Amino acid sequence: MKAAIVHSPRDLRIEEADVAAMGPGDVKIRIRAGGICGSDLHYFLHGGFGTVRIQQPMILGHEASGEILETGAAVTQVRPGDRVAVNPSLACGHCRYCLEGKANHCLDMRFNGSAMRMPHMQGLFREIVVCAEAQAVKVAPDVPLELVAFAEPLSVCLHASRQAGSLQGKRVLVTGVGPIGALCVLVARHAGAREVVATDVTDAPLAVARQIGADLALNTASDPKALDRFGADKGHFDVVFEASGAGPALAAALTAARPGATIVQVGIGNGEMSVPMNLVVAKEITLRGTFRFHEEFAAAVHFLSSGAIDVRPLLTEIVPLSDAVRAFELAADRSRAMKVQLAL
Amino acid sequence: MKAAIVHSPRDLRIEEADVAAMGPGDVKIRIRAGGICGSDLHYFLHGGFGTVRIQQPMILGHEASGEILETGAAVTQVRPGDRVAVNPSLACGHCRYCLEGKANHCLDMRFNGSAMRMPHMQGLFREIVVCAEAQAVKVAPDVPLELVAFAEPLSVCLHASRQAGSLQGKRVLVTGVGPIGALCVLVARHAGAREVVATDVTDAPLAVARQIGADLALNTASDPKALDRFGADKGHFDVVFEASGAGPALAAALTAARPGATIVQVGIGNGEMSVPMNLVVAKEITLRGTFRFHEEFAAAVHFLSSGAIDVRPLLTEIVPLSDAVRAFELAADRSRAMKVQLAL
Amino acid sequence: MKAAIVHSPRDLRIEEADVAAMGPGDVKIRIRAGGICGSDLHYFLHGGFGTVRIQQPMILGHEASGEILETGAAVTQVRPGDRVAVNPSLACGHCRYCLEGKANHCLDMRFNGSAMRMPHMQGLFREIVVCAEAQAVKVAPDVPLELVAFAEPLSVCLHASRQAGSLQGKRVLVTGVGPIGALCVLVARHAGAREVVATDVTDAPLAVARQIGADLALNTASDPKALDRFGADKGHFDVVFEASGAGPALAAALTAARPGATIVQVGIGNGEMSVPMNLVVAKEITLRGTFRFHEEFAAAVHFLSSGAIDVRPLLTEIVPLSDAVRAFELAADRSRAMKVQLAL
Amino acid sequence: MKAAIVHSPRDLRIEEADVAAMGPGDVKIRIRAGGICGSDLHYFLHGGFGTVRIQQPMILGHEASGEILETGAAVTQVRPGDRVAVNPSLACGHCRYCLEGKANHCLDMRFNGSAMRMPHMQGLFREIVVCAEAQAVKVAPDVPLELVAFAEPLSVCLHASRQAGSLQGKRVLVTGVGPIGALCVLVARHAGAREVVATDVTDAPLAVARQIGADLALNTASDPKALDRFGADKGHFDVVFEASGAGPALAAALTAARPGATIVQVGIGNGEMSVPMNLVVAKEITLRGTFRFHEEFAAAVHFLSSGAIDVRPLLTEIVPLSDAVRAFELAADRSRAMKVQLAL
């Protein structure tokens, strides 16, 4: 079985890897599509992010879909031949946070393609994956597997949306429209937002934002004052999804948000951000982090299967696994790429 | 009529001032007690804070109580001789925010002792004040007026508490126990918190915090790792009142807060704060500003009148108006003073 | 000017009426479309509902749209020729509830076509209406006025949706799909519900429910146990819009709702309902009333203008004013009619 | 070992019973105090309530405290000699509701002294109980065990309080002040309510309500219009705890509650209640059920241990186990008894 394994920064190799043994509650999946995410890029370009660094070779990837090859004896929900999205998140199910309904904060989380624990959890950019039944979520028979591979990042954005409460009738700002920001635009539209404005510092993703329903898409690099008009009378937006992780974007969002608004911080950037806290205080802004997802994965699969959320404009190119390095380099170029996937 | 008027940094004078004319809906109050607040100190020491600067002589003070001398023809709720707390906040009652129930965000707010608008709103450190009837809130006949003068800062903390939702049974951290932080300790106890921990960088206010019910009061200057023990298993506190406005306090609070916790930012400091946003994101913290108060003023008066909240341990000294400069210098020294009041 | 005036049960007359004098803040509107609502029917059929009874002749109608004929000197937002939806709700703007942001609970509400106060507030089924500028909400130039006349009932349903919080990804049940229930189906779909199930006791509205996006539409008259399957494992639905006002529908909803679900009570029926409170308690159901609307009116106009909510399948017939009695009788027959409008 | 076993209505016997075998995660407790609850009374008087009926002899009791006699090999948190409150609630820890943080809705709940499942879960009115370690919650060394036995009903009321959100500064009505209603009065005071009004149809519990801090305690049997004054201007109370399960109490509460108020339904009565739903709708009342408790048990033990909640005025009499029938008869007489306990 072939896999895309990162050894060190810029050292990504397509190598043979072993297929794990199956337990009775496991399934074996032939992966077909795998989307390259920002954290994959960080491992590839920089060997990690913040304090999380690659300490041993790791298969990348946590956005994937495929077909069931084989099922363990105790498996009941899927069968060989089923087409599935793979949920890379496996919580322990018995720590305090799991029992509080906050499985995304599990104290013993196993998340594919993450170097947070040692040994690292290997990722999904490989031909064959063995995982727990609960991680294999069946999709509609006719939905293309490359769309289904969006289930993971879409889950992240549905979870972000949940942090903001109802968006119906709300005015929403999305700062930073990379793949996550663009999915936030789609999610805001899907949740009945009245107005969706997007900002970025690059034109290409802004064009996609317009295509998927942003009422306005503004380049804050060419016009740093683009959001100023929304600051009149203490602000305009009810909800902001801050998906850039950039300090100036958050500062502009705080100016454009109305008193009592919620800003959901989706992007992290390099961890530390300089925040005009006087605006958080004076406007009583709720600045709330969002981290991964949990039950949203099933909903994401549902919306992708039904077409209620159409991610096709986000898919830049599908690249064969053998050409993974080129795929990663393309994915890293925001002027050319939104979401790049590997075909496995 | 005498008043304490700031002309420029360190130039505070006791001078004669005119008594304003009364309208039919106004009351005339003989002020008896006035508490010195952090913003009064900022005007006195630095001529303002952030972009708010004294541009003309201004009477300081917005924490005051006194007795009604006279009432306008349309006044119905109070009568001469009534003892009242003075609410320094007067919202317009017809802007969009007033009609949304967010009067503290009024677009035309008049707030005593604030240089935010020109001409400045004169403050309450004067013998006689004329104000709208709604600003004079009757207190119980037997409660000392110096306690009633805590109604304004207590309102701020009741409003901060509201941002956090129910505190009953919760574990609460208060970072920074100046007068506002100390009132947050009292408010958290009053709201049924299960555990209240306070931190500061000075011993004197920590001693007060212990006296008023903090289970633990930790000096983070002498022991910068004092909160580290609370960071195990992703954190301990459900709610934090960050009342220091200091970056390191917020950073420590983010480490000690558990996933899904709410941190209410009460202090502003110098406006810009460096925030470890990776913790906000990874723990899905709600970081929420709180600004002044509105309907909480009546509740504050009620709790002070009934003794349900006992602020006596916070009152350091009552200084005659004639000695106002000394009062301000005492109030600025955290090793000696919690709340200093003027007697008028 | 002609108007549809109810004098007593079954006594609805098309009569001449005077046009009111205009104040400087008023607008004069030529009404073009007026939808017949359940309360109009109650006045027509029974002379009122509950304790609200017609005590003097009253023009019916509170769902209307038209064109501005004339504007007062102080009017700034609309001009003659503008096409508008008419908001029948005019709150006082200064009572306690208005200042709490709960204008729909205004202590001095004036609501067109309602017999709640004396003299009655005359309604909108008349050729010419004079009202406050704030009641005339401009619509897109090309949206048909008959669709715009849905702004009022759509507002009711957007307000009901707000009571339930975010619907994105939720499983929603709508019991009773008359015009309000059907709009709840549309609103739930618009807000990103994952599943929408509708019930009614008549087939015709269920067919409309299917047409507008209900995943399942069940006749609980022909199959009283239709919802039983959803009661397994303590229930299935996250949110219910109870739009029938019928006790059995609420009881079935309580069985089919999962622990912690919210049931929004939209319909009133005859006021008193027998409720299996043991289910409310044992499943910790939130049973919450919803009453009219406030800021949702602008959003409703927006969604109708943009086509984001398409109400066309709900419009049964447009009947000339002269034929109003026939229109009312048609509207009262659920086997034939969903929404009937008058053309004026 | 002796136990109080109900065989059929009015047939309660003190009999010998076997001590269960211990597993490695279990503890053996010598029960010392056991409070008689309303459901115990229902089993004793009527053989059950609603569809829950005694089908085999059952030891009653689910409010108890005692001392650890012995601990299994895997037990780490308590040791022999520890004094504990016994949590009668043992959720499965892996069903969907447990993993959503709603353990009180566990699909496989084992609750001591309940006939809901077959075989019945035996209760705590016995000299020796073997239970899971998690059910034995250590208390302070010096708190009397009869006070600790209030942990269970206090948990119920802390959970009810949670349904209402923050009570600080709120006006609270408690309808029905049996033991649960009285504990709601204490809990509302503890959570910082501004005003607490209690109603009942019997004078004796109203006297207790006054003693424990109700501002007003009204007999609605002798004065059925006692709450009418609170109905002015659409209502007065922000929060109601309806602890009577009586239709007229809920109806009066709906009249006295202000728009947007929350009514927490704590009592069940006979299941079906006639509700003036027109008031729920017109005032947008949130009527929310509350069922048992989960994490509140630890907080209840804490507040009883610290004295923050003082339940002593509620304890009518402690009766020896041998005299259990008299104890039950006393407990059933609201004119003489609030909480009756058995001494074991």
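All chains are identified by letter, namely A, B, C and D, in their written order; residue positions are counted from 1 within each chain.
By definition in this document, a contact is a pair of C-beta atoms (placed from the backbone, for glycine too) under 8 Å apart; a residue touches a chain by one contact, two chains touch by 3 or more.
Quick caveat, the model's predicted, so the values are computed rather than measured.
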Common touching chains of subunit D and subunit C: A, B
Chain whose average C-alpha position is farthest from subunit B's own: C
Geometric centre distance via CA averages, subunit D-subunit B, whole Å: 39
Subunit A and subunit B: spacing of chain centres that average the CA atoms, whole Å: 42
Multi-chain contact residues (two or more partners), subunit A: 102
In the complex with subunit B, residue positions of subunit A that touch it: 50, 96-97, 102, 104-105, 107, 163, 233-234, 245, 259-260, 265-266, 268-269, 271-291
Contact footprint of subunit A on subunit D as seen in their complex: 93-94, 98-103
Contact footprint of subunit A on subunit C as seen in their complex: 158, 161-162, 164-169, 187, 190-192, 194, 296, 299, 302-303, 308
